[in-house]
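There are structures below to look over.
Two complexes come next, and they have one chain in common, subunit A, joined by subunit B in the first and subunit C in the second.
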Partner chain A sequence: MFFYYLRLSALSYKRNPVLSTLMVLAIAIGIGAYMVVFTMQHTMGGDPIPHKSDQLFHVSLDTGDPERDDDPPEQLTYIDTMALLEANRAYRQTATSKFSAIIEPENPEIRPFASLGRGAFADFFPMFDVPFLYGSGWSPDADQNREQVVVLSQETNERLFGGNNSVGETIRFDGALFQVVGVLAEWTPIPKYYDVNNGPFDEGEELYIPWYLIVEREMSRSGNTNCWKSIEGTGFQAFLNSECVWIQYWVELEDSDAEAEYLTFLNNYANEQKALGRFQRELNNNLYDVNEWMIEQEVLPDETRILNILAAMLLAVCLLNTIGLLLAKFLGKSAEIGARQALGAHKGSLFIQHMIEAGFIGLLGGLLGLIVAYFGLEGVKILLGNARMQTEWMHVDTTVVTVTVALAIVCTIVAGLYPIWRACNVNPSIHLKTQ
Partner chain B sequence: MEIGPILRALWHNKLGAMLIAVQIAVTMTVIINAIFIINERSRLMARPSGLEEANLFHLTSVGYGDDFNEQVTSDDDLNMLRQLPGVVNATAVNAIPVSGSGSSTGVRIDMDDRTANVGTAIYRVDEQVFDTLGLNFIAGEGFDVTDMRYRSSAGTTDADKVVMTEALAAILFPDLTPNEVIGETLYTDQVTALQIVGIVERLQAPWPSWENVESSVLIPEQFLDTYSLYVVRTEPGQRDQVMRAAEDLLAGSGADRVIRGVNSLEQTRSETYGADSALSSILKTVVVTLVFINSMGIVGLAVFSINKRRKQIGTRRALGASKFEILRYFLLENLLITTVGVLVGAVLTIALSIVLTTNFNMPAMAWYYAPLGALALIAIGQLAALGPSVRATTITPATATRTV
Partner chain C sequence: MLQMNNVSKVFRTDTVQTSALKDFSLTVDEGEFVTITGPSGCGKTTFLNIAGLLETYTSGTYLLDGVDVSQLGDFQRARLRNEKIGFIFQSFNLMPDLNLFDNVDVPLRYRGMKASERKPLIENALESVGLASRMKHLPAQLSGGQQQRVAIARALVGSPLFLLADEPTGNLDSNTALGVMELLQEINDKGTTIIMVTHDQLLAKQSQRNIHILDGRISTGDQAEALAPAAEVA
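Showing the complex of A and B:
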């Protein structure tokens, strides 16, 4: 029966090709456009580390200016970072910030080049599930002993060592030698959820070193630095002792008890600091998990959110269009429906027949919609013109394909419910008479 | 006029008519808001930065190695750049307007009242900056080479002069004319007193979406670190050749350093505004698509409703209705439906505009968008209905006598 109805749908399509094609086009465009925006939003705002995003927390301490009523600082001061590191109260923890350095390759044929790096702790790699191609991260001892070790990104390893296993080799940057302990496999989380304060859609870093080295070697820091209070004195030590925020602090906490405990610890710490004249605002310390922090920092651009609203409305227009056209099409078939009823077709089987006809149109619309979505995404990539996005970003995967086709069929059937109902309630006698 | 019969006929098929009206209403809501966003973004992109952008490019030098001498290298670089054929002038700055990265600080005129701080971009510049960037003085003057101060980035400034934009002067000294502001004292966050020596018409902050984008100060100082950012102004039309020559010149100068970020101001601008222009292009596609879908829907349903009424049309023709009267009937029908649609659409348009204004950083829509949009959609509706309606006029009176 299903295939008989499917054949009827195809016949019906042929009988009314203009109306039917218009419907397919409307659905294809509506669904296609919506899927473009869905994919954009899915990639930009989706959960980047689903299995543990609720266990990784960004530490927020309100060390802000008591005379102003602005948001708490996004990052931490050096003083607070050191206090949290020494307390060592979380299951895993890392302070992290960026630096820039010139790499001077040993191979004289490769010219020195500027690179961006990240200072972090041994825990950084297991916390964020960083994949390794060769070697591994450094040990906690390397942090404590300020060892000059480095983890290279895959790209940097490619550039310096032609992609070979470089573990044990040394490279020269910031005027010193660092020993390679690990090389990352491709690791390009989008957005860069572990650092959304310094360009959430920027490229990943090229080097990773123990964070203490940034301080000890007074390396040139990169990334946001905000100071509400003037630095007292001059020199690097004065900067470290200041209220300037420039460090991000992440902790991994295994359950909500641990989370509550850690927050209490933060509040106790803040209260101790209040006695020393710091933390002059009302207590407002927070732990944000990965997704909460991305929402708090408004990582998803306004543009994407506006487009999402507009695309949903565009889909609505296309579906309204489909309802109208289906209504016209089905009512135009009144005579045929009347004849079927007179020959003994139940309302139920008429209903199923037209559901299949609507679904058939939805399927065609969905398939065409995939093509629209594909070209739409290619267009968006060209418009955004970011090399990184060209290669890895936003592609039509199986999820998108399934969602697109399913959404198209479901939407068309839903849009068809009223026209189908009207078609099934045709009074057969009237239509038989005119024949 | 046959408004009465049209209304009765529409009532007979009220759902079909309503669907088109709602479709037009939603279409109008999206189109008008999209056009407003497009216009708003182009207005933002068209704001002048205060620079003569067409002939400017910038490049960055990052030094390394122990024997790298910052100040000497920087001075040598600027001298070499200025002697390059096609170069008008060159300057060292800490940030580029419109580039998206730079420094900001708070400034005030009452030393003790920190709450009165006004946020402003801070440009650390040399005395050649005004000539190089093409800044336009409306009061006072720029810096002298003796005003320049050099220090490490960790310390506090010991410069004592400042130039600011007219917009910032108007915020800090609302009651003074630009000429009266010259000679006044400005305090930075670091409680340094700076004497205001000049006011320039315009110099945007590096962050175009910042609320204080027109507020900038220029301070005659340079950091002694390994990082130098140069802006070069060339003779008209020679920018691209000079840009390549400058890169080769500095890279080949023998100092231990890396040259990077060689970009024209125009490139930098289009990168910074990339999201805005992408959004505009996407929205333009959305508008065209919607107009197309909407018109196709109107055409489809008009063809259907005319085919359904062939016999009635034939009858009217047989009873003496002229072709024009048939045409008028269907155009009027469309006009009635569209008018209801755009009236509902106007309400929805304003509602969505309010949602966008409250949730996103967007100004309110000007009053004329909704009425102009309504007129445009009525015109589109009439155009879409014209084809099927003209075809309806070709139905002959003889049709009335035939049975289907």
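Showing the complex of A and C:
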């Protein structure tokens, strides 16, 4: 009977095309608007590395200004970073920060160009499950020996080597030659959870080098630097010795015991620093796993929550309209419903028939809603598409299509319950006589 | 086959209480052609709706083919309607979006029959009313008389025990009405019981038995006897 009812639904649509189209439009607008917000939340708020997000921790040490009652800084000082690195207490660990450099291609046909890179440790790649197209990350020895090695992004490799396997080749930037040890496959985690405080929706870096080289070569740093205390002295070494925070520090800890041990280690370290006259605030050191860190950093903007409420309200208004239109449509079919009862339909079968009809309208509304959502997202991209945020990732994907259509069908069926109940409970004898 | 004893039907609103049928008793045997006449508002259609299980009654007993219908739920009543009763309405009540084949198909769909079983039954039913050649037409493409023939085919397709016809010629001109009446006579001659509500005295005279209703009761006055001397008043 399902396909029979589906056919009746299509015929019913043809019989009242204006009323039916109004319902489809109402659902499409409501669902489409809601899906724009859903897509933003779905992409912005999703777990970017679900299989190990509870094992990766952002390290937070409260080295802030004792005169202020603000949150601990998001990054670490060079002094603390070096201390944590030397202690080497985590299963895996990496300090990481951004730099900028001018790449000077050997090919004279390619003009030098500016690029953003990331300094990291060998553990960075296995910690964050970074995929490789060619080669791999560098070894821990390369970190210690400050080897001039580099991992290229896929785009950079395309630009410099035409997409060929460039492992073993060298490239020149920052006035020195670096040997390529690996080329990344496509890797654009959204949000960019390993660096949310420099822009959770920024593009990935074009180069990756051992982090020590940034310090050793005094490379041009990129990204946030915050200092609560004036730098004592001049020059790069004075900066390194300062209380300026500019390094992010991530550790991989295998279980909750390891997490507790590492936090104890952090607190002990903080107490030592207190004894030395640093870390003058109350102990407030933290380990945030990936999802906690994104919440802490408010990766999902407040505006999306407000938008969510507004979109839900619009959807509710559209569904209320749909209830009214469905009521008009189904009560207009009272004579047919009466005739079907006379011919042997029981109320249950009539209820199912009209639920399928409501679902059919919902399906059409959902499909049209996808178009509304597509254009809505294009509008959001125009609104948000500034230097602060890359928006290419906001698109209608399989999840959005599935949720849109399913939500439209379910919402329309729910909206149709009262009209269907009313229509199926009319006294058939009245309508059979008065048609 | 149809047995009503002291059936009453009271319609109640907040302020008004109306008795549509009062202690109504009637027995219709298999193969009969019974007409129900009476002035407007006398309870004819109420009787037909109760007989057709489209309406419940307030008191009394009603046995349909030996089954006490008072205890039946919606599902069982629908099944009885589908298997034992054929309806013919004054305004035909065809589904405007469905062609003739699909209109006649409706009761068989609710019976859960396979397509291969339904098809010959539908074709035979339309053949029997002379519309086999137009089974792909929509109701709107037919005359009123033809539409009523489709309704009769639809009522007959499931081989019901009896037909309930509510003013089946009420929307037809006199010539067409006679044609429909002849068709009903033929159906009755083949053994199908027919109970027909009508205002038309001429049509009533053509039935085996006429029941005249007045104020919700079966009238025992002259009119009923004059119309059908053999009438049995229960």
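Just a few scattered comments:
The definition used in the following text is that the second predicted complex is superposed on the first by the 406 of 435 C-alpha atoms of A that agree within 3 Å, B and C clash if a C-alpha of one lies under 4 Å from a C-alpha of the other, contacts with A are read in each partner's own complex, and residues count from 1 in each chain.
Keep this in mind: a contact is a pair of C-beta atoms (placed from the backbone, for glycine too) under 8 Å apart; a residue touches a chain by one contact, two chains touch by 3 or more.
Keep in mind that this is a model prediction, so the values were computed, not measured.
Legend: residue contacts after superposition of the two complexes on their common chain; A:Ile102 is shown touching subunit B, with no touch to subunit C.
When the two complexes are overlaid, the chain among subunit B and subunit C that reaches more residues of subunit A is B. When the shared chain is aligned, subunit B comes close enough to touch A:Ala33, but subunit C does not. Looking at the shared chain after the overlay, A:Ala122 reaches neither subunit B nor subunit C. In the overlay built on the shared chain, the residue A:Val317 is in contact with subunit B alone; subunit C does not reach it.
By the touch criterion defined above, A:Ile361 lies against neither subunit B nor subunit C after alignment on the C-alpha atoms of chain A. When the shared chain is aligned, no partner comes close enough to touch A:Val151: not subunit B, not subunit C.
By the touch rule above, subunit A contacts subunit C in their complex via residues 1, 4, 8, 11-12, 14-15, 335-336, 338-349, 427-429, 432-433, 435. Those residues of subunit C lying in contact with subunit A across their complex are 45, 49, 52, 54-55, 74-75, 77-79, 81-83, 87, 89-91, 93-98, 106-107, 109-111, 154, 158, 166.
Contact residues of subunit B toward subunit A in the complex are 15-16, 19-20, 22-23, 26-27, 29-30, 33-34, 37, 62-66, 114-115, 152, 154-156, 189-191, 225-227, 256-258, 260, 274-279, 281-283, 285-286, 289-290, 293-294, 296-297, 299-301, 303-305, 307-308, 352, 355-356, 359-361, 403-404.
Within the complex, the subunit A residues that touch subunit B are 18-19, 22, 25-26, 29-30, 33, 67-68, 100, 102, 104, 111-114, 174-175, 220, 227, 230-231, 234-236, 238-239, 301-303, 305-307, 309-311, 313-314, 316-318, 320-321, 323-325, 327-329, 331-332, 379-380, 383-386, 418, 434.
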